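Per-chain residue numbering starts at 1, and chain names A, B, C and D are given in the order in which the chains are listed.
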């Protein structure tokens, strides 16, 4: 890496999970639009072919970066300046077990990848991988900045620091951006302010990933809170229409939300929850918004089935082929993600303040130190400093604290390969409404279903 | 008050709720057995006749103390050295509403006086009384030590300090003693140790009233934890017998517990919960042990109906008459309570360490400062110092934190006579499984039922 | 105030101490260069004529702002959007006593306005004024943002919050900028980096005003710490030359520093202290850098005499006359201060991160909550959020803690008009090397000397 | 170890430093008076002969304990129930360097074994020994309770926990007892209370060893604070008499204190400092009470010379011979130490509350966690729990904090055998009034003088 005027040349970016057909293409698109940086992107994936295909796709794009698939993670990481981690831990078959096995015991999950029973088992197989990543980073590029996009976000970032305490890692998630866009729309609709940029909606962010809260939302001299209160009351009165439930765009249906959960939470807690309803519901008492499919319908959001994700993956594989064959041209569009802006800020090419996931050093004093939290942070040259967020309001803390505790326990369990301790976390998860015996049965079943990716645990001899 | 050799003469004790036919008689009995203290006990009660009756009963006892009913609280408190507060806030009719109204909405409560929906509404009418007590103490006897026995314990003690920050108050509860007795029995049954005193079972206590936990339990060089684990596994395997559910001693039935809840909690959290199952269940997710009467049967504890309390009160009134008429002699027996021992220790007549409720000054670092917690404390001359208890284990904290938050909110609500804020606490109570609309309906109903004792709030114009 | 496109019109700024011939002219100059804001500046000063003169001078400048002297503070503050406070508490005669009276007892001070014996007595007369300011702001413009430039900075900002807890106030000081400029020069001299802007030197700031520390200093991918170490070793070896001690520019001499103190502190603590040596020395054990004039010479900084400040004031008065008469033209130059940039950021016209003085909410966990600390903060629409700074290194904390304690005590003393408590602070000040009796004598003398401005204390009857 | 009725038989106590002619004899005396415990005491000392002599002396005493000298520490520790550590680190020659070398640079020390320059260098050679002790305890008797009497107390206890975190260790010191005795005398003199026991003076203790403070002192219903204020004022007015400075009892002279330091501190801070003046003065700014011998005279305490300690040692060696030869009979007298009472309480033979040194788990929230502090603690079966002491008053914290920091740094330095870091601690010690160059010179000299006991550090190649 070297600075030439106001540009950085010869930057080295490593991409772990570089065979991805989602986030990887997004990065390619954002890098292609960037004129002040150039260099190389090394794509590592356990599916080498997928990485190789992305190398081909990436190098078809006219831009300042060259793409290289690597066969080992060491090769990708060696002397990297930045590392991006975005993997699918296991396959969608494992995710299917995470999300749908609990349904047999009456527990429904709308996403199932960050918290709750699915999130916990996903964590169990993901965390040993992140230990490996952290060790490889310590060996190959200890000074690199590491950006994680993988879920369960909180646990993944936590494990990076647990394994290599001096790592310079943070986790990124766009759920807050979505809420900023919602606020932007409310503002544009309710007041005559003209068109606004998302980034002009200034928010104070606090909480944990996928259960973040905006304790302040401001546009210039306008406090957005009173507007959101009006909006919340309107939304909760609105009947759930046919449009919300059907239509030919069944894809949207599976990801849709009406924001009713967000609005109900606002009336309960007086604060704006800043993630989609599908995520938020998984952090609340199970019977509030989830409970059963009928209740989910009532709250007008969706239980996203993994079968859909499988179908979508097929389409992306098809698209990948077409991009390689040239049947399809790669479209360069801004993704709305901030990864590239963050990289530039860290290089000293312009400060940035945005929300990220970092270990709690005290930015939220009433969350245990070390647990990963999501707040705003200030990005400048070789630096990401959390902005002080203060105590989480105590009623909201009552929902967050048990999740933090469960995840902290899961970290220890994964680190020590201790399935008994993992069960303790699973049993104590606030989404777990089963008794001890049922919990044991479900846990064993979910482990069995995903055992292919649990070989680092001594599953064979494990009994509860 | 003056010291003569190793005795204290001319002690003045004020008893708020001095017409009580339970705690007051107990105190009389314990004081009658005490040879190192003498003086006067002033009995104040809003039911003056009841206090007057207790004056008669008390003065029939041969002992070092004289009893005086007073018509005003000021007269009772003036220059008191100790103040005891033990009142029934409102009547059993109000308690009937607290406990049984939520049943119409499917929420069952086993006690309903310290937490949950009943505890909250009870708090709402009790807290303004405690503001008055605190003010009267500040005026009449600011240096007195104040012992509270009234529920909701946590909120009552909190309000004393909130109103008069320099008050020297603490709250006492015998639930931990009961658990020490259980441990004593387990020890005597399982090991050949001979007969043991409860006080020889050394415990480290932490938590909040009625949801206290023993993080350590030791007898001499024996760790009681492994014995309790055995016991817990046995109890959970044991079928609930007919004996547990019926028999002619229906009174016992209504207060019975099989300790199955305590044992299930042990297997979940690895720690000994130190209160009766009827209390413990009210601090856990509603569907674990309460939920519905059938579930309560399964866990072999009881939903104590207020009708029973009313019948019991009739019996006590009868007994009071008989004590006054001389038909019955007052029996002097040790109550097993520690009030008198605490008074002696504070006078400098012998140190004592026991569990009490005090504002958190840091004895439990991960509970908010100021909230009332229950830990051991060291009693010596003019001093009650909490013993450092350390952080509550995070999984147990997940259950306690929301209750603390709810109660802290209720304190603010009562102080500001703010029923909207009280509803926020009511809505956020972990026992509240209703949605916002149902919660509003139930809250309004419970207020209406108890309005006679809510005159300090502007209930007439109150709307949610 | 209203937004028109990307500009704000009709802004109202109140200036308390608006007769100033230093900071006020600087603000005029900076506002004159600003094209996105327009409005009115109201100048209030106890010396109305001075304010009036500044009104004349200000209105001669071609720009978007009009200047108005007001006879009352209420008039200046009413509905203000921003308030600037920059006063001289008392006159230079009082400052003369603060700085030079202790010399009679062998205590030398290089500045004497923020800490130490002079700082304490200055605080004593300043703090009641700041109580009045806070009350007037609460009454006239509770939503205004308040910028303080007055020393003792820490105590002044603290008292604003103590008096009106919801005030939106912060304190600004340019000492860190000076150190950034020094780092810029070191960088330009030692590496071939071309010309750099001060704001490109990214620093993490922590500490208290005039004793701030840079825990990190970075330019792009260059860590400045190793360069500073080289510099520190060079400077400490360098003989103090004649140039350092004499020359015709005696003004510079009186404010000069050779950075030897800063460099010695670096070798002691391994961190860069970010204020001038004259300030830094006042926070260290008295015998290190101060002690006696000969020691100060050795460390090659200056004990600034108040006589010089008096002479300088005469020159400014002369300049004021010339500006009014037109003999001299007002020169518009960037001052290097950030007040105007901060105002713009708070209006939502562009984010800014810079160092400011704010009450500690936890941004420095090992400094008591509430005490005013100096760290970076993020400025955006209607928001100033401290950036989390973490614990102060414990050895540096050992120097800061006593000062914080002394100042916290002084706040209480001033609030309660309690001169005994003020003496306790004075006695406990780390700069106070006198015994109790000498301390009493000196304290009484310093009070006597400045009694004209201590009328709110009952000085007549005061005895120690 | 086994319980027989209310007695413990077959107790095993290990004594590290068992050749001592002070503490060891005291323990023998106290054990000889104890009827509820019996067993064996294993004496280990690097001077095996000294241990052997003590074995002979101990076994001459008629009592329930047998004494055994061991040639290895492992043998002494194996399966011990209690471990006592009381060693002299190095010889009195090393202590002579610690105490008197700094005098050549103008720094006087009254004790020089717990803090300051002497305490630091003593720590440097002691801490590696304590690492070895902790490792040997972990290996041979991990469940044993460990009582340390060695100075520097704070650092020694800290290192035990640093090396073996699950160790059950605490440190004991009798300085607080001395202050309780002083208060007892004041009480007896000023009020007509008859004869009092030291233990009836109830005190709240906080601080660090040899700089502890009594935040409360009570006898029955009497607050001792106002009496102490009277006393302090009297003492400070009192002329230092000839008696204070001379007389034939020169031994007393060398340890004497007039309590003038304690009284001056009371007038400064309003709290009772609970150690002898010789210790207290070493924690205050050097020029207050130490400074120069003349100043020490003025404050009427003594700079204890190590030559005296050498002479005293000679006398003890003589006494040892006489005890062995039978020329002298061993006198059994209560020592006033509490070690035996503590052992009994830990065995479950009766609760005890007293002051001890323990790592800070939060009992003093504003001291860093982990640092060793001295507060009251409650001793019961297999348990020593600190009593919550609360925040140290901020002005006193200003004196303590730098010492804590210095000692924490020294722990790290010793652990990592890092002499550069040790110098950082030495340089930062509040007693160090030298500049960097002088500090280097003195540090190197003190290391050189004691190099025989610093072989674990690479002293040969060490340069500053």
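By our rule, a contact is a pair of C-beta atoms (placed from the backbone, for glycine too) under 8 Å apart; a residue touches a chain by one contact, two chains touch by 3 or more.
On a predicted model such as this, the values are computed, not experimentally measured, just so you know.
The greatest centre-to-centre gap from chain C, using C-alpha centroids, is found for B.
Taking each chain's centre as the average of its CA atoms, chain B and chain C sit 55 Å apart. We define each chain's centre as the mean of its Cα atoms; on that basis chain A and chain C are separated by 44 Å.
Across the assembly, chain C contributes no residue that touches 2 or more other chains. The chain pairs satisfying the stated touch condition come to A-B, A-C, B-D, C-D. Interface of chain C with chain D (complex): residues 264, 267-270, 285, 287-288, 366, 368, 394-395, 397-399, 401-402, 404-406, 408-409, 424, 427-428, 430, 433, 435-436. Within the complex formed with chain C, the residues of chain A that make contact are 1, 3, 200, 202, 204, 216, 218-221, 223, 347-348, 351, 353, 361-363, 365, 376, 378, 380-383, 385-388, 390.
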